[in-house]
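Presented sequentially are two complexes of chain A, the first with chain B as partner and the second with chain C.
Now for the complex of A and B:
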């Protein structure tokens, strides 16, 4: 039997999941040839050494400022997520409506930093900017998940209610309490994401942690960066202690007072933004020319954006995210045994837990920012950042899944045998579905990392905003949104195929 | 006067035809007992009766249909949700109304659950949960009861007490049981189901335990 025949015959034996994975790996390998992965900084090791030195000597210069940053990070997260819970729940009740579903898909496919960039033009540096930047996309996310959870409750309790009970009563007495544990645990998970999002909003100027991190970092105060990061990890790691049922009212009611005052809203600017700035440029000054002229200008304008910004942006976003996705998968598969009870004893798993918690608590954007400073602008730091954060997250989920498995007691002696013959085949399907779900998230993050200078869609959005061409920025943001929706639909189709 | 009626119906469970053609008519004021092996279609028949006559019926399904993370009180109260406005129900959800508690407590006392009024249903034993579902149906006070094995998780004396209560609260009832002896004691009319058909339809006083045992 020739080699090709052997390949073909084994191809037919592989399951859908394995074939899908091989497809993704092949695409990523092709992407490697066109991706820019060089290390362009002159002496990355020296800088890395200074950073590592700082990490081991954390120190705070102005502790009151830091406390303020932490409080406002929490405040934006809580207030934003609280608004999103209300909005998302109401939308979830209307989720059978196709228009509502489409609306939710659109708002959640736009990254919170893009929302922040939009609202910055509208409200300026006002707390509302940060608040809505979190609340709007999170509403879309909550709407979808809440709707799914409410649809999955058992039907029987509602069926036993007397006829004429009514929609609201049925919701309150049966569907809501039945779905409650799921709603709570998902919301709590999202709150953690909200804290990360809130921290990142500092990078566009809001008074949260990211703002202080960026300023300390750009001045080379690495020991301050270290202290800020450690406080951030501490905050997330102790979530279970300070996030209790009885602390919730205080946290939600208190949060509006810690958002800061920001700058006053200039309503003239806000009005100009929606009435002029976001109207495509050729349509804005169309009084002079005829209709045909403005139409040809519009098509010129559109094709300019398409060929010079949107298409290169989409191309780079796709290339980078496909590489990042596969590296993320590899990271997750390497890391999950660290916390698996079938690989290590309890004390042996502790370092793994710490590593995974730190890696998944660090937002990709922050990691990418730091790595870009060290390695110089290319796709490499972005790939590493995406892979560390998402790999740790999926590794954590897969590891937890492996701990729920009940395996025979005469397991293979060697750890590697156990990994390949017992654990990997069992967790692979759920690993793959975590990955497919994460694909869209990685794509959305990849687009955003462009703001840091990698030529993905975010780069072109950021440049358009700096050139005060908000019409162009909006078109590009919508392009990124459509890309995410397409990937989301595609990944769900693959999920059904597997 | 006929209370519930089925005329030449084919009843399905999923895509699977279970019963048919069935013609049955339940007269007002009679207590009808369904007998038959498990899987013979008793539940399907009860479900069909419930779907067609939801207005007049209280249902005790085999799987109880309780909301386990709510209290016993709230689960029983659900029997009368339709009588109050959504706002009233909403307030009662957060802070149970004293007048409603006073209505529910005697029912719970009769079922031996009065100490569990504000416990979550999830914390109760299987038998206690079954009595909560019974209390919900009693509280609903509908004209007709449809009950699917309502005493399967209760021991002898307790089962008899619950059957007596159901007989006393509901003028008309269709109840499936698997205990022939109990069927004869509490039913006025017995129907047996076998191989997808109603094979027996007879007054209880004309039947004996041994004549019914062949259906098991």
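Now for the complex of A and C:
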């Protein structure tokens, strides 16, 4: 039997999960050859040293400003998520409708920052911009997850109801109570995501933490950066303390009062955005010349966008996200034993917990921003940022899963043996499904990191907006959305195959 | 008792609406370190408030495009624009006018700077050897940090920056451009000469690590631009008063924060050269 035959025959014996993993790794290796992963900074250590120095000497600029920023970060998160919970729940009830499903897929495939950039044209620097930028994509996410959770409850209780029981009663008395714990825990997780999203919105000008982080960072005030980051971690780490059932009403009802007032909305602007700004330029400016000319101009305009912006953007987004996905997986597999009770005792797991909490609380966007300053502009900082954040998240979930396992008492003595022969095979299927869920998220984040200067789709969206070409920006945002929807559908097919 | 309170309240609301003129709001392109901009424009806000006898507020924004949008959306009525952002804004807001510019602005220029490791030194032209280096502009919408440098690169080398250089970045603002070339994150950069001169004078640049290798021919740049519909909202003659206040700004401390020697009248047609170049490069339709 030749080597190739041996390979093929062993391949057929491997499970779908292993084959899928190998496929992803091979694609990522191919991507490595075409990716730009250079450290272009001549002296990254000098800057890194200054950052480290700042981290050890945190100092606050004006505490009143910081307090305001913290409050508005929380306010946007709570108000946005609250709106999304209501919207998402209503949509979840209609999720059997194909149109609703498509609508939700579309709104959640557009990143919060893209929504913010759109609404900035609509409302300007007004609280509504930040509020809707969070509420809209989150509604789409909630709708899907709530619908799945409501569909997964046992059907028996509903069948025991007397015939003729209405839809609402069935929902309130059987499906909702059964799904309730899942709904609550998912919503609480999303609230944490909401705080991260809200902080990041500051980067485009809303008065949240990101606003001050960006200012301090771009000026090299690393002590301020350190203080702001520490406050942010503290906020998320203490979530369990201040986020209680009895504080919730106050938090949700109070949040609208801390959104700030911003500039007044001029509704004519919103109308102008829809009726003029986003109409493709060749159609908008067609006075004379007749239909044919404007049609040929339109096709010229479209192909310009396709070949000079959309396709290079899609290519870079795909290359970067496939590498990031595999590195994320590796990170997660390395990190999860740090919090696994089969690898370390409780005190030994503490540093691991701290590391994972910090890594997963730091938004990719922020990490990428920091690393770009240090390493120079290439795909490398983005890959590291995506891998650290998402790796820690999946590592945390996998670690928790491993702690739920009940293993036999005669476990191998060596930790490495335990890891490879006992833990890894058992958690791998769930690890893989976490990864496949995360694929879409990583793709969406990759696109957005372009705003920082890596030539993914976000770079071209940002350029179009800087050039006040919202028609072009919208085409590119929709392109990014379609890419995400495609990846989402593909990942679900793979899930079924596994 | 309640009736009384109600009356007082109603009176207060009435009085408030009758005497309140809307706040006059202005902004500026974020072309430099934010701390510096905040200090500078807070001083301008105080000055204008005193001159105009109405409430004046400065709002900082995060990008050039946001400045243009705020102006277009009438959320600000006055803005300190660069050449390109001003042209774009006035194209979008019919009736808006460039009213004042710095004494130096009709003859503005950009510097090309290089890290010492490139071994390049000042010359009459950009040397052919910049081919294949890494290069950073300032903001995507900047005149002195993007438009004019790109124009001259295309003129001299017949190639787009992407084709000419190994890597092209956008630092965000002029101060960042200095920092990035000084640290070696990029080998070359192009920026506003005023920001460079001021930074060198303040001792913020290590001139052993980074130096100027070429300066562009001059072109018109920064200006104050006003919307055309002010008198309707703020009272007859308000536009003139703002214009006069801007032109007679002569407090040395205020002027040095820009830094400009003083302000002189400007008109939309002064910036025609910028518009032409922007069209040629494809930054304007």
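Rule of thumb we're sticking to: the second predicted complex is superposed on the first by the 496 of 498 C-alpha atoms of A that agree within 3 Å, B and C clash if a C-alpha of one lies under 4 Å from a C-alpha of the other, contacts with A are read in each partner's own complex, and residues count from 1 in each chain.
By definition in this document, a residue touches a chain if its C-beta (ideal position, glycine included) is under 8 Å from a C-beta of that chain, and two chains touch if they have at least 3 such contacts.
Keep in mind that this is a model prediction, so the values were computed, not measured.
Visitor: On chain A, which partner's contacts cover more residues, chain B's or chain C's?
Guide: Touching more of chain A: C.
Visitor: Given the touch rule stated above, what does A:376 touch, chain B (first), chain C (second), both, or neither?
Guide: Only chain C; A:376 stays clear of chain B.
Visitor: Examine A:263 and indicate which partner it touches, taking first as chain B and second as chain C; both and neither are also allowed.
Guide: Second partner only, chain C.
Visitor: Applying the document's definition of touch, where does A:214 land relative to chain B and chain C: first, second, both, or neither?
Guide: second
Visitor: Is A:168 contacted by the first partner chain B, the second partner chain C, both or neither?
Guide: Only chain B is touched by A:168; chain C is not.
Visitor: Tell me which partner A:157 touches in the superposition: chain B (first), chain C (second), both or neither.
Guide: first
Visitor: Go through the superposed model and pick first if A:177 touches only chain B, second if only chain C, both, or neither.
Guide: A:177 contacts chain B only, not chain C.
Visitor: For chain B, which residues are in contact with chain A within the complex?
Guide: On the chain B side, the touching residues are 50, 54-55, 58-61, 63-67, 69-70, 74, 78-82, 86, 89-90, 93, 133, 136, 140, 142.
Visitor: Note which residues of chain A are touching chain B in the complex, please.
Guide: Of all residues in chain A, those touching chain B are 154, 156-157, 159-166, 168-170, 172-174, 177-178, 180-181.
Visitor: Give the list of chain A residues in touch with chain C in this complex.
Guide: 40-43, 46-47, 120-121, 124-125, 203-205, 211, 214-215, 218-220, 263-264, 266, 269, 281, 285, 373, 376-378, 453, 462-463, 465-469
Visitor: Applying the document's contact rule, which stretches of chain C touch chain A when the two form their complex?
Guide: Listed in rising order, the residues are 25, 33-35, 59, 61-66, 68-70, 72-76, 88, 92, 115, 117, 134, 139-141, 167, 169-170, 172-173, 175-176, 179, 183-186, 283, 285.
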